[in-house]
Each structure stands twice: as C-alpha cells, then as structure tokens.
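Letters A, B and C mark the chains as written, and numbering starts fresh at 1 in each.
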Amino acid sequence: MSELQSQDYVRISATTMTPPMARSHEDQVAKLIDVSRCIGCKACQSACMEWNDLRPEIGHFEGSYENPADLGPSVWTLMKFAEHENEQGNLEWLIRKDGCMHCEDPGCLKACPAPGAIVQYANGIVDFISDKCIGCGYCVKGCPFNIPRISKQDHKSYKCTLCSDRVSVGLEPACVKACPTGAIMFGAKTDMQQQAQLRIVELKTRGFENAGLYDPQEVGGTHVMYVLHHADKPSLYSGLPDKPRISATVDLWKGFIKPLGLAGIALAALAGFFHWISAGPNEVTEEDEAEGERVLREGEEKLS
Amino acid sequence: MTNTWQDIKNANVVVVMGGNAAEAHPCGFKWVIEAKIENGAKLVVVDPRFTRTASVADYYAPIRPGTDIAFLNGVIHYLLEKDAIQHEYVRAYTNASLIVKDGFGFQDGLFSGYNEEKHSYDKSSWDYELDKDGYAQSDDSWQHPRCVINLLRQHVSRYTPEMVSRICGTPQDKFLHVCELFASTAAPDKAMTSLFALGWTQHSVGAQNIRNMAMVQLLLGNIGVAGGGMNALRGHSNIQGLTDVGLLSNQMPGYLTLPNDRETSFDEYMKTKLYKPLRAGQTSYWQNYRKFVVSLQKALFADAATKDNDWAYDWLPKLDVPLYDIIRAFEMMNNGQMNGYICQGFNPLQAFPDRGKIRRGLGKLKFLVTMDPLDTETSRFWQDFGPQNPAKSAEIQTEVFQLPTTCFAEENGSLVNSARWLQWHWKAADAPGEAKSDIWIMTGIFQRLRELYRKEGGAFPDPVLGMSWKYTDPREPDPEELAKEMNGRALTDLIDPATNAVVTKAGTLLDGFAQLRDDGSTASGCWIFSGCFTEKGNQMARRDASDPREQGIAPNWAWAWPANRRILYNRASADPDGKPWNPAKPVISWNGSKWVGIDVPDYGPTVKPSDGVGPFIMNAEGMGRLFARDLMAEGPFPEHYEPLESPVENVLHPKVSSNPVARVFADDRASFGSPKQFPYVATTYRLTEHFHYWTKHALINAILQPEEFIEIGEVLAKEKGIEQGGWVKVSSKRGEVICKAYVTKRIKPMTVDGKPTHVIGVPIHWGFTGQARKGYGANTLTPSVGDANTQTPEFKAFLVNVERTTAPAA
Amino acid sequence: MSRPKNAIVRYTLANRVNHWITAICFVLLVLSGLSMFHPMLFFLSGLFGGGQWTRAVHPWIGVVLLVSYLGLIVQFWRENLLNRDDAAWMKSIDAVIVNDEEHTPPVGRNNAGQKLVFWSMTLLIPVLFFSGLTLWEVYFGSATSIPVQRAAALIHSLAALAAIIIWIVHVYAAIWVRHSVRAMTQGYVTPGWAWRHHRKWLLELAQHGKQDGAIVSTRKPRT
C-alpha cells in the first residue's frame, strides 16, 4: 500500500536485489475459510466493496447466484456456487469464497516485470502496489488460481489485498469482520491451522471422512486457507485447483531464460566487438574500385 | 420467538421448516452454526428447494409447497406410534388428558359445527367436558376415548408415512429419517428448536402450520426449555414491534382485542376476555385483562376516560367484520368503497398478491399518501414503466402525495427483534433532503384533522378531539416520551389496599404491568411494554452483554417483553417438582421457597410446585394445548387442506379440498387457475442479497443480485427447452412475468399422488424503481387469498405455467 | 545529393524509407521489450515515459513494424531467394569472417548471410506479432485462455531474443562491411564495393544496364 511498509517486504517483484531482511521476524498471518459453515450470504463480498470502495457495474442474471459474474478490477472476492450430486445421489451445494490465496510463493510476483509492483510482506500478505503496476497482465499468467484482473480504465492489476491496510493496524480483514457465521477467520497462520484441525475432526464425526485443510504446498502454502468437506477433491468447489503450481511455462519464461537471454545478447554484441578488433573492417580497396569501374565501362561499351 | 436467538445454540436438533433462516436471517443463523459446532446439534431442513440453509444442513428433505400439515401430522403419528414423546411433560403440562365434549367430531375434512353457507364453524362443540364447578374433566390414565391424546391419535391415524409421501412428495425414507431426528429430542434433557418464518405463515392454513409444529414440540417436551421453543424469525425491522403495538386492524396495543360491533358496552366486551381458570387453583393471567384495557384508555384519552363513561369505551372503533386486512382493503378499493389510502412504510403494489388488482385498486382512489424513505413502486403505480408497469397515466385520477420519511438510522427509537427485545437505537445521521420523521408527519396529519373536526364537527369528532396529546412539542413528540407513555405511569398515588400505604407516587413511571390497575389510576399505552422505561431509566438502552451461565441469556442487554423474560413458558423447563429437565441447561428451578435461575420466571415467583398450577398461565387450563379449543378458525386439530390453487385434489377428502373457512372474494375466486392451464406449483421467497423491495435501491445489493429470475428444475427445463440463464415467461391466471431462468439441481420433481409435480421458485425482490434491473415482481402471479385466521396472503403455494420466450420489450 | 562518379544505386528511396521505419520500430521494440523482460533493464522504460507508457506503446510499435516489414518482404523477397551460390558462400564462411575476399565465392545482390537475416526476420516477426497479440492485455486479454497466454509469453520472449541476436549480427555486419550503411542511408554503393562484395551483381548490372531498378548512375546523375 505504501512505502511506509517497505521494510516489511520480504519479496519484491522484478528485482535482483535482496529485500530488506532486518525486520523479517513478523508472525505469518492467514485467513481460514471454513466452507462447511459458509451460507453464501455474500456479506464478505459487500464488506469488501464497502471497505475498499469498490462498485462494479450492475450486471445481469447469468444462471447462478454468482454476482458479479466474475472477479474483476472492482471485484476482489466472489462467492462461487457449485451444485454437486454426491455418490449417494444427494445434492450438495458447495459454496466457496473465491479470491487471492496469498501464496507463500506467489506466481504473480514471479511473473511481474515491474520492480516493486507486487510485494509480499513479512506477514505473508501479497500486495499489488498500484503506482508501480504497468498493466501488462503478466501476473494473470503467473497466478495458478486465476485471480488478478486488469482494469480497462486505468490499466492496473487488482486483487484482494487481504486488507493489508487494516491488518497493518491490527484489524481483521473486512470480510472476516462481516461474516455472520464465523466461517471466515483470521489470525496467525499456525493458529488457523490448529483451528482448522478442530473443524476437520468435527466434520469427520459428521461423516465427511475426507475433510481437510487446503493449504497447497505446491505454492509453498497459502495465507488464505480453506477447510473443505471434500479435501480430496478441491476441484468440486467451482474449480479450486487440485494441485496448484506456478506453470512450468512461466517458470521457464521467468526462470533461466531471463539471464540466458541477456547473456546471449551480450555475447552477440561482444562477438562483434572482438571481431572488429581482430579481423577489422572489411574495406573496399582501390583495386576493387578500379575493377568495378572497369566492369562497368566494359558493360556500357558492350551495350552501346 | 418463545426463546432467544442466542438460545438456539442450546439445541440438539434445529429444524428449519417454513423458513430459510440462513438466507433470510444470516446474522441470527450464527447461533445455529454455534449449536452445530459447540453442541453437536443436527440441522434438519424441510423445504421445497435445496436452500442455502440446506447447504449447511445435516439432513434435507424436500416437500411440496403447502403440505406442511400433512408432514407434521405424519410426525405426530410417528411419535405416538413409536411412543417417542416425553411422557411426564405431556401428562403434566399439556391438555392431553382433558376430556373433550361429546358433540365434537371430525368427518370428511370437516369438524363438527360447519356452516356451509357462511364458510365458518359454530365452535361450541370444540371444548372440554366441564364438571359441576366449571372445570375441565380429565382422565390421567388416558383411557377415556374422548381425552385429547386419544382424539389426536385418532385424528392423525390417517397420516401414515405412505400418506405423507403421497401428499407431500417427500420420499418415505427421508420423512422417516426426519421423524427419527425429531424423536431423539423426546428425552427430557434433549431439545429441538423450530425456526420458521413466512414459509409457514403465508399459506391459507398458515396459523395451523405453526400450531402443528407447536404440538410436535409439546409432545417432545421442547417448549419452555433451553434450546427449544417455537421461534418465529421476524423478517422486517420492526414487524415484531408492529404487532406488539397493535398495528393490525383487529387489535389494540399489547394484543388486546379490538371490540366488535356486537360488544356494545364495556361489560359486554369484557365478558369474553376474562378467561376463568379451567382447572382448580390455576392462574389465568387474562384475569388482568380489564386493567390493561383501562390503562390503555387512560393513555389514549387521559382525563376524558372516566369510570362513568366506561373509560371512553364508546370511542373505540367497533369491527363489523373480523378484520380489515389488506386483501379486504384492496377489494374495497376495487369496489369503490375505499377512496383514500395512506401507505406508511408499505409498498403494496409489490408486496401484496395479484399486482393487477392492486394497481387497479390504487387507480380508483381519490388520493393516495405514501410515506417512505424510498421511491416505491406504489408511489409510481400511475406511471408507465413498460411491460413491468403498463399504467395509462391519462386514465388515472388518483392524486398521489409522496412524503419522504427518515430511515431507522436517522432517528432515535426502539426496534423489537424476533426475541421480543426492545432495543433502543440512536440517530446516526441526518435525513437527506426534505425527509421528515414518521412521527412529525403523522402528528401533522392528526393536528390538521383535529382542527377540521373542531371547526366543522363531523360524524363523530369525540375520539379525535378527546385524544390526549400532552407532549413537550405537540408538533413532534419525542420518541422517549412515547416510550414512557407505552411503559405507563401512575396517574394518582397508588395505595396498597392491604396496608393503605402509598406504594407508588403519582406521576411515577411503572416498573411493570403488575402495577396496572382498572380504576383509572394507571395509564399504559402498551401493557406488555410496561417495564421498558422505568424510573431507573431507559431499560431498552441497556448494553450489558454478560451472560451468567453462557447460556444465551443476558438479562441486562436491552429489555424483553413481557417483564424482561427471555424464555416464555420457562416454568416448563423444570419438571413438576421444579427440577430442570436438563440439569446441564437449567432456566429456572424451585429452591424450596421460590423460583430461581437465569431468567424471570413465567410463573408466580413463589408458587410452590406442589400447588399444581400449570405452567402455561396465559391459558385458562394452564396447559399447552394439543387441542386448541375454539381459538383457530379451521378446527382444534390441524388438518391438511390443499392450497387454494393446487395441482391435485385433497386425497384425504376430495370434497373439502382446500381450507373450508378461507375467505375468498368472488372476483378473486374467479381468478384462480386450474392445473390444466397452470400445471406447475410456484412458491415465492426472498434471497439473502436483498431485503424485500428496499435494497434494490442500494447499489451494492443491486450488484450482488441484479436481475429478476425464477428457479426451475433441470427436468422441467429440459422438457420446456429452457436454457440456463435464458428468458422465460411465467404466468398465472392473474398475470405474467418475463424474466431469466436459473436451471438448477436444487429443485427436483416430486411424486405427488403418483404423478410428477414440478415446483417453480419465484424470488420476489425486483420492481421498476431503484438501482437493480427492472423487474415485474413475483406478486404479479400470486393469488389474493389469505390465511383464515390472519388473512396473511398465500404467497407460498399457487399455480403457474412456464414457457421459453425472448426478452421483454424495453 | 552529391554522389561520386559511377555510384551504383543499391537501395531506392522506397527501400530505404521502408527499411528505416522497420529499423526504428525494431529498436524501439527491443528497448521497450527488454525493459519488460529483465528487471535490470526496466530503466529502459524511462525512455518511453515509464512502465505504463512502455506497456501501452510496445504493441502499437509492433503493429507498425509488422506492416513495415510486410513492405520489405514485398520489395525484397525475390532477391533473397536462395541459390547455389549461397551454399558455396556458407561453406566459405571462415573466409568471409576474416575478410578473406580471395577465398570468398562471388555472390549476387545478396549473400547468404543477408538472406538468412531476411528470412529469419520474415519468420520471427509474424511469430512475435501473433504471440504479442495474445499478450496485448488491453484488447485481447480475454481472447485466449491463460495457458495459451503463458505459452505465448514464452514464445514471444524466445522469438524476441532470437530476433535481437540476428539484429545484432545484421547491424554489426553493416558496420564491419564498410560503406554498407551508406547503401542504406544514401542508397548507393561504389563500383568497387559492388565488385568486392557482390561481384555477380555488378557483372549482371554491367551486362544489362539500366534495368530492374538496379540502376547504374553514370556521369549524369539520375534525376
């Protein structure tokens, strides 16, 4: 959000520098979303809009309770509704609050070409620093969860900030405060993991044998976690990735191709330079000129 | 609610039937989640649709709209068959053992005493057999064939699981599983709470739906206990307060009955109110009725109400019909019998059935006054908004006065929540523009009318001229002043007749309704509110959340009527000896000399258990009623009647298919559709994202649920070629709505009497004013018929057809 | 424009304008592209008014470049068709590199190296253009799926790197082979230059005279 927090950065996009290390003792935070007690009321969505002053356009009904129809520059969180018929033939309506997962190893940050446009604070929150964002959309490609959205008005990328402004002054994110059933919790990540275990034990007593915590290690864990009744099949919840990882393509693109490419360019330039000082310029000699003149003259004569 | 929101957490089973608590009451629903997590409670949902409440339920069973009585009578059948009732509770606290009159009977769908011409009952046989002292006879051995429990057993014997499934469309195994879960709370230390709302009230048999579940709860011993009760989740802030202060056409404040035109004198009126105890030694609280009425009259008319003029009884309006409900009002408008209408915080064009009829009625008025913070559809009924409101302005002569009012956050005052708490709130912002408080507007109208009466006389100026109006600012009484007036005060020094000592000085605010007198020495505008604003201050403004047993009772948070009691009938939380049924969650108990506990006893505080006084002191027999005597229009036991518009005949008694005492106006009956033309059952409801027709004016809510739609099952959608998110036309005999379709797995066809029956869900929230996209409103489709007791319209079950179509003309 | 006697027009004005439009676009694309490619080069975005401008302007320059390069293709495709001489020339690349003209087989208007540059760019520029389109967030951000965009990003950067390296070779060759730059700025070469580097072309010119746009400028400067 601001340079005031710059000493809290532990990861910074598009930098070759080491981020400030002196203050990296802060507790990691996490938001825990207990899907099993979410009633899909969208209080979190409206709280997000209220706190962050977001007002997307009034849309249309598009065949589901999901409104707006998708995440967007002004839609940082969205309730997703999936009608699922289980093996017993009973209906389950799986409702999931979608939004930035605040990965420990953020794909957006990895992909971002603008220095400091995406940062991760010591508490784990991944934040977009708008004045540095160039609107290229690389974060969209980097994200394994399909979260960031680029505004057509200001060409900045937006997503949930985990209310980093509130958290930095000791408040919980707005969605957490608004949730009427306590389905969204917030605190130290270790506490949230413990809380999740209690919930999982309770869910197992209700017959959800595969209840579990969604904290995917493929992205180093996330700072937004879910308690799922069907942790064995995250994709049931409106396509929550079963095994989210930063795409190999992005890894390649943002990995060794970057230094290799620069080296290749530099090498080509250097090769030219050394060729110049070794072989030197290829100059036209006077003999050449004479020969050339001769050929031309003979040609003219022949033609005339 | 008999209990409180917080108390829900004490339940072992939570049943949501006739409501959709998670969607309509998301904030209160936290206590259901709490019950599940902290108390291991099971949540059961019975609903035509798989709702957001069902999404977090442990068990869901579908039911055809309008068949709850068949389901619940089936539950009673199951409980009695399996003997899964709390015997000691039922014997001691219900009228199970009382003997019913010989003439009482039930045959072919009708109880004894039916008058076919009048569509009503002579209820004289619906009563107990009395002994020579006027007390009800009983048979504690339950052997007498006419004791209530045996009559009930006989009545529900037809509601076998097969029959329930045949009527309700609920698969038998699901029905039986629900029964099992209910039955698990027959144990004395287990409780089930029933959370319901408009899903039960908005039927032609609405009151009986609720009564039916109350009977189940009595049989299970779940009334009066922590985590139990019948909990009506009130939808509208401040709808509980509205009924409390008597804003219904047949009531006065505090649920006192408005006189009818046969009660020509005060004595005549009181005759039917002072219920005599029907059991020896029983307390009957309504013995105090006279005190409440006289104190109300003193509050209304002050010195003008005297003993000599029967406390100005003649100034009260007298009803010539059971009630002047809204359906009747619009019938009268359409017939030219009502020419002016004041809509205060009310949007009937969207909120009442058969919009076409409402619009025509409004168009026949001479004047219409709307008082609302929002630009309601009713205020704009005369304007052409295209197909959503095709009005021909040039032909409408109604003069409309649109008066903008303040919102709750723009004024001080109290709101009564579902748990009967009067919670004071403080003004947070100034009202925009020219908005004025309802008090200011109503006072202005009153003062001007009074001036006209004073100058010009009129048919009957006395009550208007005699009305007491002693407020600091007579143009705008202060909310605190009004609250004090409702609380009541001593008008003269109150003297204890035993000691002759002055117990309460003249002018003192009363501590509670126990101090009210019938000699004109006290005034109280609403006896049940007495105690809300005492000499100790504004009790409604209290904000101490401490809850001594962590059991959901914080006695110093706000103030609950009556007498700051949080759980009604809490005497029944303890056994006849005064020991709590559930020692882990006691409410009150007898300590040898008095009743003690976390709540104000709903009982004489020092009445000994051995005195045998029944716990339901508002009833003349002191017992919970499995047999309702003459209090219900349809009969003392609930009986399944089909909705007025139903896809099937009543399989129990085809000749008496629907409610035999429903009041139906002739032209309304003509606008009922047949299943041939309109083969699908429709039900209307609310969505979390919106509050009635208000929040479509709010941008965020409009964003969250922008456009009108219906919900339709996949099977029917396929049959009709309806696409996900495509346009459909839903039509009833009364009108049509063109909107989007939500093709869903959450509504499945049901097999009713062997035939597949499809349900169409119609959310209500859209209209043609506000920020959301323009819509018609569900009540374009609904029938104009109400519950026979309350005239609450039957919004929840009617017939429609549905077809694929294209977008309506812009 | 003053030209020496017997100057030979190698590139017409149209050729040159087209080339330099392409060249300017290419340089701008390299600068803006590299600024978004590697954080150490992000400072280059300052040349364009900052990151947002760089991001906004890069694809538009790409569009101009594509159109411009299509012009080059139309003008030059014929003379870049490969022939036997190219194989011979490639075989003697060692000699070429050390300026050993004696052992370099004579070539026509273009040598194999030049043709290679031409055809590589003819391949790479459309690849860059189409992969770039899918990455053009403002207009095509949602036209393709994210996995397609990821692949496009990878292809775009690899193609760009290849193009840059080829461009470096091209530029260096122009500097190394003296007076090549003049051919593309002023349009002419001397007969000696043609004799030394494109002997067959010179012989052909001499044989056919004023033909095919490859015009001999004799004493009278052509107007």
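Just so we're on the same page, a contact is a pair of C-beta atoms (placed from the backbone, for glycine too) under 8 Å apart; a residue touches a chain by one contact, two chains touch by 3 or more.
What you see is a predicted model; the values in this text were computed from it and never measured.
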| item | value |
| --- | --- |
| Chain located farthest away, centre of chain B as origin (C-alpha) | C |
| Chain pair with more C-beta contacts, A-C versus A-B | A-C |
| Centroid distance [mean C-alpha coordinates] between chain C and chain B, Å | 84 |
| For chain A paired with chain B, centre-to-centre distance based on mean C-alpha positions, whole Å | 51 |
| Mean-CA-position distance for chain C and chain A (Å) | 38 |
| Contact footprint of chain C on chain A as seen in their complex | 14-16, 113-115, 117, 132-138, 140-141, 146, 150, 152, 155, 247, 249-250, 252-253, 257-259, 261-262, 264-265, 268-269, 272, 275-276, 279-293, 295-296, 298-300, 302-303 |
| Touching residues on chain A, where the partner in the complex is chain B | 36-43, 45-46, 49-50, 55-65, 67-68, 83, 85, 90-95, 180-183, 199, 202, 205-206 |
| List of chain B residues in touch with chain A within their complex | 22-23, 26-27, 29-30, 33, 36-37, 40, 50, 52-56, 58, 60, 687-689, 699-709, 724-725, 739-746, 771-773 |
| Complex contact set, residues of chain C against chain A | 6, 35-42, 45, 50-52, 54-56, 97-99, 101, 135, 137-138, 141, 146-147, 149-151, 153-154, 157-158, 161, 164-165, 168-169, 171-172, 175-179, 190-197, 202-203, 205-207, 209, 216, 218 |
